[in-house]
Structure formats: C-alpha cells, structure tokens
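Given below, in the form of structure tokens, are the structures.
Both complexes below contain subunit A, partnered by subunit B and then by subunit C.
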Partner chain A sequence: MDKVMSNRLVAALYVLPALLLLLVLVYIPIVLTGYYGLMQWDGIGAMTFIGLDNYARLIQDSTFWQSANHTFLLALFSALSLIGYLMIALVLSGKIKGANVFRKIYLIPMLLSSVAIAQLWLKIYHPSNGVLNTFLEAIGFSNPPAWLAEPSLVLYALFVPILWQYAGFYILIYYAALKNIPESLVEAARIDGANPWQIAFRIKLPLITEVIKVTVVLAVVGSLKYFDLIYVMTDGGPNGSSEVMASYMYRQAFRSFDFGYGSAVGFFLLLICLVVTWLLRKVTASKEPIQYS
Partner chain B sequence: MSKKTLAMLLSWTLVLAVILSGCSNAGSGGGNESGSNGSGEGGTADGKVTLKFMHLWPAGSSAQQNKLVNDIIQQYQTDHPNVTIKQEVLENEQYKNKLKILSASNELPDVGVTWAAGFLEPYVKGNLFAPLDELLNGSLGEKFIAGTTEAYAVDSKTYALPIELNISPIYYNKAIFAKYNLQPPATYDEFLNVLKTLTENGEVPIALGNKDRWTGSLWYMYLANRLGGDALEKAISGSGKFEDPALTQAAAEVQKLVDMNAFNKGFNGLSNDEGKSEFMNEKAAMYLMGTWELPNFTTNPDIPQEFKDKVGFFKFPTIDGGKGDINSWVGGPGVGLFVAQNSKVKEEAQKFVQYFVEKWGESSVTEAGVIPATKVDTAAVQLPQLYIDLLNELNQASSLTLFADVQMKPAAAQAHLDMIQALFGKAVTPEDFVKNHQAAIDKGN
Partner chain C sequence: MKTDTAVRLPVHPETGQGSEWLRRLGYVLLYVLLSLVAVLQILPLIWLLLFSLKNNQEVFDMAPFALPATPRWENYVKVWTEGNISLYFFNSVWVTVVSVVFTVLFASLVTFAITRMRWKGRSLVLGLFMVGLMIPVHSTLIPLFSLFLKLHLTDHPLSVILSYIAFNMPITIMILLGFYYALPREVEEAAVMDGCSVNRIFFRIVLPMTASVIATTAIINMIYDWNEFIFVNTFISSDAYKTLTVGVQNFIGQYTTDWGAIGATLMISILPILIAFLVLSERIVEGIAAGSVKG
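Here is the complex of A and B:
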C-alpha cells in the first residue's frame, strides 16, 4: 500500500477531486470576492473599478465598526463559555449516574437546524405571551422587557440561544477527548493519593490541551462569521443593535444592492478570521507534544 | 509541493476565475449566449415546454391566493398539454432575497413576481426583465385600471403586468370598540382619544410588527400625507426636500404615538405576521395594513366567521391644519408578473403571463377576495360587504401614494426602512430622521 501511495500519479489522483471542489467552491469565490470588493457594482449592471475606495469607506463606517464590536463580543462570550462546557464534560466523563442521559440532553440542540432554534426562541422571547416573560410576570416582575426589541438587551438575548446551540458540540468533543485518556493514568494518580480536583486539573486537562486549543479556534472563528440565527430572529435590528459583521455584509450586498461594498466587508471579514486564527495558534503554540505513555 | 505544480495550480485558478467571472457578467452584456444561461430546460424538439414560475403566496400564509394560483396553473396545463409549469413558492422577504441572488447569477425563473417603480428599476437597467408592451397593445391593455401599469414602466416601456391594486385602511375590532363606546375616528384628535381610552382600559390599541420595517413605514407615510399632502412623494422624487416641516412633524408624531403606548409591546422585535396575530387574536384593537389582507377578514375558511364579523375599517383620519384629504390613500399596484429577458421560452412565458393576468382578474375577486389590477364587474357576483366597501373607497380615491420603500431605489429604500425602525425605537430624533433621508436620496443610487 505504501508503495502505491508513494507513486506521485496515484497520490495526485486521490487528492485531485477534493482539491478541485475546494478550489471551485472556496478559493475561487474568495479571490472573486476580493476582486468585487474593488468594484462599484449593484450585482446586476456593469461594474466600475474604484480601487480601494470600498475599503476606505469601510474604515470610516461607524455602523460597520458597531457590528464588528458585536461580533467580537460574541467571540468573547463563546470562548468564555468553553470553560463551562469543559466543566460539564469533566463531570460527565466521571462515573456519575445518568451521564448518558445528560449527554443526550446537551446534544439535542445540535440536532435542530438554526432556523428551528430561532423559531423556538422567538416564542420564548415573545414580549407578551412568551414563556420567559410569562414566567417573569408569574414570579412578580410587573413589566419584563421586550427582549428582542430593546437595543441594550437584544444582543445578549441572542447570545443565549447561540451558546446553547453549540453547547452539545463542544461538550461532545471534550467528552470524547477525556474518555480517550487511558484509565491506567487516572488509576495510578488515585493510588498515589490524588483527590478528584487534582486528577481533573493536573492529569486530565493537561492531557487534552491540544483539543482545547482546537475548540478555542473553532469557537472564535465560528463566532466571527456567525449569521443565521441573528438573521432569522432580529434581522440585525432593532436599529442595528444586533448587527454582526456577516449580517452587515449580507445587508449591504443583498438589501442595499451594493455588491462591491458587501464584498469588501466579506473580504475584510476573511482577513480578520485569518489573522485571529494565526494569532490564536501563535499564542497557544506548545513546545513539546504531550504523550499518553 | 514543487514549484512547477504550484505554478500550474495558480494558472488553473486564474483560468477558472476568468471563466466564472465571465459567467456572472453574461447578463449585463446582453444576449451573451455562451454564459451560464440558468433558465435550465426550455423548449425541446417535441414541443414540450417547461416554465419556471416563482411566486410569493405560500399555502400557509396566503391560502386563498395559493389556491387560485394552483387553479390557474392547472387550467393552463389542461388547455396547453405541451406546457408544464413548475412552481417555486417563497414567503415575501425570502422571495425578495432569492430574486436578488438569482439575478446576480442571471438565473431568474421564466416568470416571476416583482414590485413596481424603484424596486423594478435595477432589474430593468441590468437587462433582466423583458418588455411586455406587446401584450398591452392587445386586448389585455384595456382591462387594466388606468394608472396601474405605469408604475411598472421604465423609459416608457412596461416591464411587468400588475395583478393587484391595494389601499391600506385601518382595520378595527368592532367588539373592542363597542365595549368602550368608541366610534371609528374621523379626525386625528378623535383618533388620539380612541388611543387614550383604550390604553386607560388596559387594551392594546394598535397591532404592529416592525421588525419588517415597512409596516411602520405605513404609519409614517399616512402621517406625512395628512400633514404635508404630497410632500413625501416630492421629497422622494427629488423635486422637494425632506427638510419640509411637515415631514419632520410626521416623524415627531410617530414618536408621540409610541410614547402614548399606542402599539403593542416589543413591536420592533416582532415580524409583521407576529404583529398581525395580535389583531387576529383580538389582543389589539386596530391594524393598519394593505387590502391584500382582505381574504383573512372575508373568505379564508381557516379564520372563524365570528372574528370576521367583528372586523371593520376606517380611513386614516385627517389632521387639523394638514394638507392631506381623507380620500388619499397609501397603496398602489402591489405585485406584478415579469418575464425573464434570458428565458429560453420567452414566448410561452408571455402567453402564460397574459393568461394568468386575465384569469386572476376574473377569479381573484370571487375566490380569493383580493382586489385585482384589472377592472372588476361586481354586479354579477355576491361579495362580502367589507370587500365591496373597500372597492368603493378605491374608486373614490383622490390619490394613491405608492409605498415608500417601493418608490425609492434600493439603497435609499434600505436607509428609509432602517430609519423607520430607529424612529419607532426612539433611537433617532425627528430632525436626524429627515436629515438621514435627505442624505440617502441625495446619494442617488
């Protein structure tokens, strides 16, 4: 088998289909987006080359920076929430009763599509007959806020379902990583007199640092390009107070018919994602690989 | 990776990029057949034709219209056995988005639905819609109510045929009004009084879902009209200015209504459908909306008759000292049908459009309860009173103000809609509201 794989032609044959798909569906659109970003174009008519004007406009666009700010907040919350998910996974991977049931409970949101989740939470947040406000009124709050219409609250109200949506995914990753740790290591520590806290923080966590790093990158980059739930639930409103970079890009390109500017926003978003990924990898780079045995 | 393969990869990328960018431009070049011509299967040698038809009447939210469309298609296919019509149905907002995306890749359906004026313009400029003047020159031309087709004309060519004509009354719940001895208001002061009485009694006066933004725009447009006559239309067309005191005052008036708690709670976070359900569930007393909602108050079998009987309407009241008269309405032709310029079966598509408009005109009154853009003979059929009353109002209308977001070009329309939401949410002052509008109009795209 090794011999076959070392044949360049065969190797190319195996790599090529995926590479072609990736090229056509990902890399070429990226190049095109960058190209459209240099144009003034309504998406239908003729294009006019305007150089870096779109990017100059982007730098001065306060609405864009406002949405960028929201995006960074989301990334921050997603990264912080990982701590919670890790704790849950630690508990679930121990020998507790009903761990299986809990695992399934956490995983269920992952099975729903974003649109279904959005519809569900729209009902929960409904200002007069939503579950949340009905509950708040029942326990004595006379005038609970309209969560999705209040500019100061709407962003945080949206974070809840977004974080809830991905909880199962990260818990599952952590759970799998923790389960992968050889039982003998934990056993040895226990014989040496380590308490459960020490086992968790001195043995288990260091062994899955690589996995934790990957999830941080996933969570942060995922938040940077987040779009769907916000689009369905608030459409960036009211008055831009829940707009994120991706929804702003969409609004510019498809609502205002400004494809050039929308493309510039999109390309800028890509650059930010690349820089952030690179930074995260730089910061978390480990000097020596960890081995189980 | 060796240098050679890298170079090859890069050159391949370039070649593909050129090919693809060529494709997406095919439409603007006009008649470029080598590009990706998306209308897919068209006419074939044996005369079989497949027409793609995209519309916005889902069975769920527009049950009556949906049934009517299906009936017309069924009939057409029976009359023309060689034609198959494939439907694609989307809800309003999704429809608008998909239309833009399909346009960008030049893959419009053979026949589709469009709005008038500013909405239509970029598509016409981009050479995506086919002119339909030939159809108008025939017998079909006389059937339209005067002034309806003009809204779809660009440079004196008509690019779509209207199928609806709408005005927007304020629907109200007679039972809630009767409970507090309220009469439908004729003046704005009476209207404010109604609002006060309702809020004092813990009722929600007005149902509004302003996440969709155009819903709030209706309120602003009426206030602007009643205060300043045609000031808003002039400001939009560029012959006037948004700084007109009437337009600023109308904005201030909107915020006054918000302060009075005239609208249901959290309206800026609710879609039009959610806002509407407040009215349909009798949790709000009034609802300002176009006559396309009529089936829900008259013919839709899914809505209890008991509720339908409670629905009445009144005209937006006049304001003391204002320039607008009570018979001027916000409304105009709603949607119309277009034929895609690059459709491979253009002739068949045009035939279908003609057939559709005629059939729709005949049956939309009796079966769907909506008002068509073609002339209606109401003498021959039994119609719900609410429908007849509104039809009479339409005949007496002194002017129709086309919905602002349809009048404006896309970028300005977007600015208008965003400003409306900000105004209702009190995130912008009336002065800044008009200033931002003027800036958006001045940009001119």
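Here is the complex of A and C:
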C-alpha cells in the first residue's frame, strides 16, 4: 500500500501539468508585472529601465487616485449591500414555502456574463427609450436624467446592476449557512420565550459570523477587481467619473500603450488585493471557533 | 400550538393564541418582500425577451412589457445568419468544452496526488494553488499578453484555453479537496492488495467515485468559461476565434439602433446557461455554494 501510493514519479506526473500552468500563467506573470513596472515600455519595442519612476508617477497621478476612490466606493457599497442580502436570507430560511424556488430565481442574473448584463442595463438606462425612464415619465417625472452620462450619478447607476447581479450569490451563501444551524438551538430559544427578532439577531447571526466575514472579504476584494461591466457600460466615462483601478490599468496598457505604467498600476492592484484580504482576515479573525453544541 | 401554516413564527408564550392574525400578517409581508425581490431579479430578463421579439417601432411605441402582436422570430434568424454570431457561438462551445475537460482532469489528478498519495512537498504545492485564489486576473494581463505574443499564441484559441485552465484550477481543486479527503482509505487498500497500479486506482476506481463532485466543478467551470471576457478581449483579435462574450460586444456595435437584433443576440448568448440552469439547477446551486470563495 505505502509503496504504491508513495510512487514519486506518478505523483510528479499527476501534479506537474497543472503546476506548470499555474507557475507560468499566474505566478511568473505577477512577478513580471512588478518588474515591468520598473520599465518604460510601449509593449512592443525595447524596454528602458527607469527604476521607481512609474510608481512615483502613480502616487502623484490624481486620475489614478480618482479611480482608486471609485473602487473604494464600490467596495463600500458592496459591503453595505450584504446587510440587505443577509436580511433576505434570514427571511428565506424561516420555513417559507417555496424557499427553493425563490433562491433559484434570485440566482439567475449571477449566471449571465457581465457583457450581457452590461448590454441589457445599457438599454434599461437608455435616456429616451429605456425601461427606467419610460417608467419615470409615466409616473410624472418630466425630465428624468441620462443616468450614465451624468458624472455625479454614473457610479451609483453602475452599482445597481452590480447589486442585481450578485444578490442571488450572497443570499445563497447566507441561506446555506443559516440552514446549517441545528434546529434544536432555535427551538430551545423559542421555548425560552425568544421572539423572532431575538432569534435572528442573538442566535442565528452570531452563529454564522464566520460566513459573514468570508462574504465581506469576497465583496470587498471582488469590487477591487471589478472591470467587465464598467468597461462595457461606460468605459470609465463620462470623463473618468466611473473609472476604476482595473479599467485604468487596462486603459494605460492597451489603449495608451504605456505598458510600463499600466504594469505599475496592475502591481499596485495586486498589492492592494493581497493587503486588503490579509487585513480583513486579521480584523475579522475569531478568537475561538464557534461550536454549535 | 397550531402548526398548520408553513411559517412557524412562534406563538409568544405571553401573548399566546391572540397573535394568530399577526402571524398571518407577518407571513404575508414576508411573502410580498420575497416576491418583490424575485420580480426585480427576473423583470429585466423578461423585458429583454420581449424586445428581442419586437421591431424598433414596437419597442419605442408600445409599453415596455406589452407583448408584440406577432413575435418577430426573424430577429433571431437575422442575427444568427447575417453576422458571425453562429461562429462565435460554436467557438464558445468548443473553447468551453476543452477548457472544462482539462481543468477538471488536471485538478482531479492534483487533488488525488495531494490527498491520497504520500510525497514531500504536498502541502507546499497545495498552498501554491490556494494562494492562486486571491490573485486578480488583471494584474497578470500585461505579462500574459507579452508572453503569448512571444510564443505566437496571441490571436490563437490556445492562449485563452490555457489561461482558463490555469486560473480556474485553484477553485476547482478547492471544491474537490473536501470530497477527496472524505473518500475511505479501504478502497485503495483493497485495490493495492489486488495488485492495482496507481493509474488504475485513479482512473478506474477514484475518478468514477467522484463523478458527482466532478459534475459540480464542471458546471462551475462552464459558467466561468462561457462568460469570460477580458482574456478573449485582450488576446484574440480576429473574428474567427472570438467567443460569444466578445463577439456580442462587437456585434452590438454594428446594430446600435436595432433593438430587436440586439435583444436577439443577447438572448442567444445567455440561453445555453439558462437552459443548463433549468435542467441542472440543484447542482448549480450546490456548486456555487461550494465555490463561494471566488467572487
């Protein structure tokens, strides 16, 4: 048994294809991103080493900070929206007939590509023929805004489809966690005279704290990487008012052909993702694992 | 205590039976809330279906949710035959199938070697895959582009397929791990007694035993690969290799004013996933819950 299952040659053969792909296509590129960040490079010609100039430029680049600011706003919105998802999951997990059907309907937008969602919402937001403004005009608003062309509104307008897209995902995670709570615990609280609010806030929520923490990390880190939907719907516009870090990186590299600077932005994005993940895990780390018994 | 209603909102010991109507009211309110959310989740898609069956005049003159007098299926025929949508569609199909098969196969091999075999460095290798979960795709995009450029793989489907396999490997392994750890050791012991080789144990015994979790990971991978945008958008430039997400994006550019055609294109791009969901919804729900680490 031991001899057969410790065959190193077979183990190597099993692991190497995947490991090579991971190293060549994930790990080496992140190192290279940092390295290219030290270069002046148009992506095709020769690279010139310029030290930390790109990173210095990044720190003074107000457009970059504006995009970082938008990214953080999205992360904040996403984290806050978790409260709503959690409430819906609490309701859904409370012995509701057809809970399964609701849960599945909520999930549908999550299955669609961001491009399809973006194109659909472009039509919803269409200034004159979109379903939103048609509705607003019908109920008496004579001059509804062109949502995506309004610098002060665009970020909020973009957040609605994001909220729509991910609702089912987070509700599903919370629902699964809530369903895992042993019925006996809730029953015991009920016998002790706890009302539904007390059961929700004093019993159920504390028991799924771990899951809530994971979703906060997911929502925040997910927002840091947000790209597809914004790229299709506004391309960062109007005038940079919906630019986020990932779209700024893409623009610098693949539109302005400033691959060195784009790499610096990309490397910064990687660092932020890792640091934020680490920080959130640290801040939300539990002192002791939760026991159901 | 009455338990005939579906919601067992508790009968408060002090207020007792008198709160029966309150209980029912609460039940109705919760239902209204849940249904409202369900309607909001589904309404944009119904609107999309409706305008995909109308012409521009009908889209602009009729109420948004009015049914067209006669559904204009010709919108679908037009976009399917006129442009490259059918080409993009089949590119999506084969790129997705190849990527899913290799991702699941490689991930199964790795998970088997890590959880069932004994060799030095197992935990290090597992750690490498798990850290991979946190790395943003965008931070690797520029080096990947220049790597594929050097290998003459830009504008080649292999660039996209290899990237999908590499980037979906960590999540796939993560879902498989728990399942593999739970497999009983006795199975392998008996097989070894009978003189089975490792390959035989893996391909003939373990792989068939993991069929259900393989289906789950395959579906999750399918959804990610079918919907992927940024790799195709960056690496592929000729129409011959574009997949639906990018193809749809370009295609719609040509039809900026024809809402029916745009609607039909979008419907074609999301239908396979919707059909898969109707058929396999239980497994998809399970898979998304299992793969919840990837946002």
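Throughout what follows, the second predicted complex is superposed on the first by the 272 of 293 C-alpha atoms of A that agree within 3 Å, B and C clash if a C-alpha of one lies under 4 Å from a C-alpha of the other, contacts with A are read in each partner's own complex, and residues count from 1 in each chain.
Note that in this section a residue touches a chain if its C-beta (ideal position, glycine included) is under 8 Å from a C-beta of that chain, and two chains touch if they have at least 3 such contacts.
The structure presented is a predicted model; accordingly, all values stated were derived computationally and were not measured.
Participant: In the superposed model on subunit A, is it clash or fit for subunit B and subunit C?
Facilitator: clash
Participant: Mind telling me which of the two, subunit B or subunit C, contacts the most residues of subunit A?
Facilitator: C
Participant: Pick one for A:Pro238: touches subunit B only (first), subunit C only (second), both, or neither.
Facilitator: After superposition on chain A, A:Pro238 lies in contact with subunit B alone.
Participant: So, does A:Leu280 touch the first partner subunit B, the second partner subunit C, both, or neither?
Facilitator: Neither subunit B nor subunit C is touched by A:Leu280.
Participant: Contact-wise, after the overlay, does A:Gly43 reach subunit B, subunit C, both or neither (first, second, both, neither)?
Facilitator: both
Participant: Quick one: classify A:Pro127 as touching subunit B (first), subunit C (second), both or neither.
Facilitator: first
Participant: Which partner does A:Pro151 contact after superposing on A: first (subunit B), second (subunit C), both, neither?
Facilitator: first
Participant: On the A-aligned overlay, A:Lys104 touches which partner chain: subunit B = first, subunit C = second, or both, or neither?
Facilitator: A:Lys104 contacts subunit C only, not subunit B.
Participant: Does subunit B (first) or subunit C (second) touch A:Leu205, or do both, or does neither?
Facilitator: neither
Participant: Output check: A:Phe254 vs subunit B and subunit C. Expected answer is one of first, second, both, neither. What do you get?
Facilitator: So A:Phe254 meets both subunit B and subunit C here.
Participant: Please indicate which partner A:Leu136 is in contact with in the superposed arrangement: first for subunit B, second for subunit C, both, or neither.
Facilitator: neither
Participant: Take the contacts of subunit A with subunit B and those with subunit C, and give the residues found in both.
Facilitator: The answer is residues 23-24, 27-28, 32, 43, 254, 259 of subunit A.
Participant: Which residues of subunit B touch subunit A in their complex?
Facilitator: Going by the criterion above, the answer is residues 12-13, 16-17, 20-21, 25, 27-28, 97, 100-101, 103-104, 122-123, 125-126, 128, 210-211, 213, 264-270, 274, 278, 283, 410-411, 414-415, 418, 421-422, 425, 427-428, 445.
Participant: Which subunit A residues qualify as touching subunit C in the complex?
Facilitator: Touching subunit C: residues 1-2, 4-8, 10-11, 14-15, 17-19, 21-30, 32-33, 36, 43, 88, 91-92, 94-97, 102-116, 119-121, 123-124, 129, 131, 134-135, 164, 167-169, 172-173, 176, 190, 193-196, 199, 214-215, 218-219, 221-222, 224-225, 227-228, 232, 246, 249-250, 253-254, 259, 262-263, 266-267, 269-270, 273-274, 277 of subunit A.
Participant: Flag every residue of subunit C that touches subunit A in the complex, lowest number first.
Facilitator: Going by the criterion above, the answer is residues 6-10, 12-14, 30-31, 33-35, 37-38, 40-42, 44-45, 47-48, 51, 59-60, 63-64, 106-107, 109-110, 112-114, 116-119, 125, 128-129, 132, 134-147, 162-163, 165-167, 169-170, 188-189, 192-193, 196-199, 201-202, 223, 226-230, 234, 244-246, 248-249, 252, 259, 262-263, 266, 269-270, 273-274, 277, 281, 284-285, 288-289, 292-293, 295.
Participant: Considering the complex alone, what residue numbers of subunit A touch subunit B?
Facilitator: Touching subunit B from subunit A are residues 23-24, 27-28, 31-32, 35, 42-47, 122, 125-128, 146-151, 154, 234-235, 237-240, 251, 254-259.
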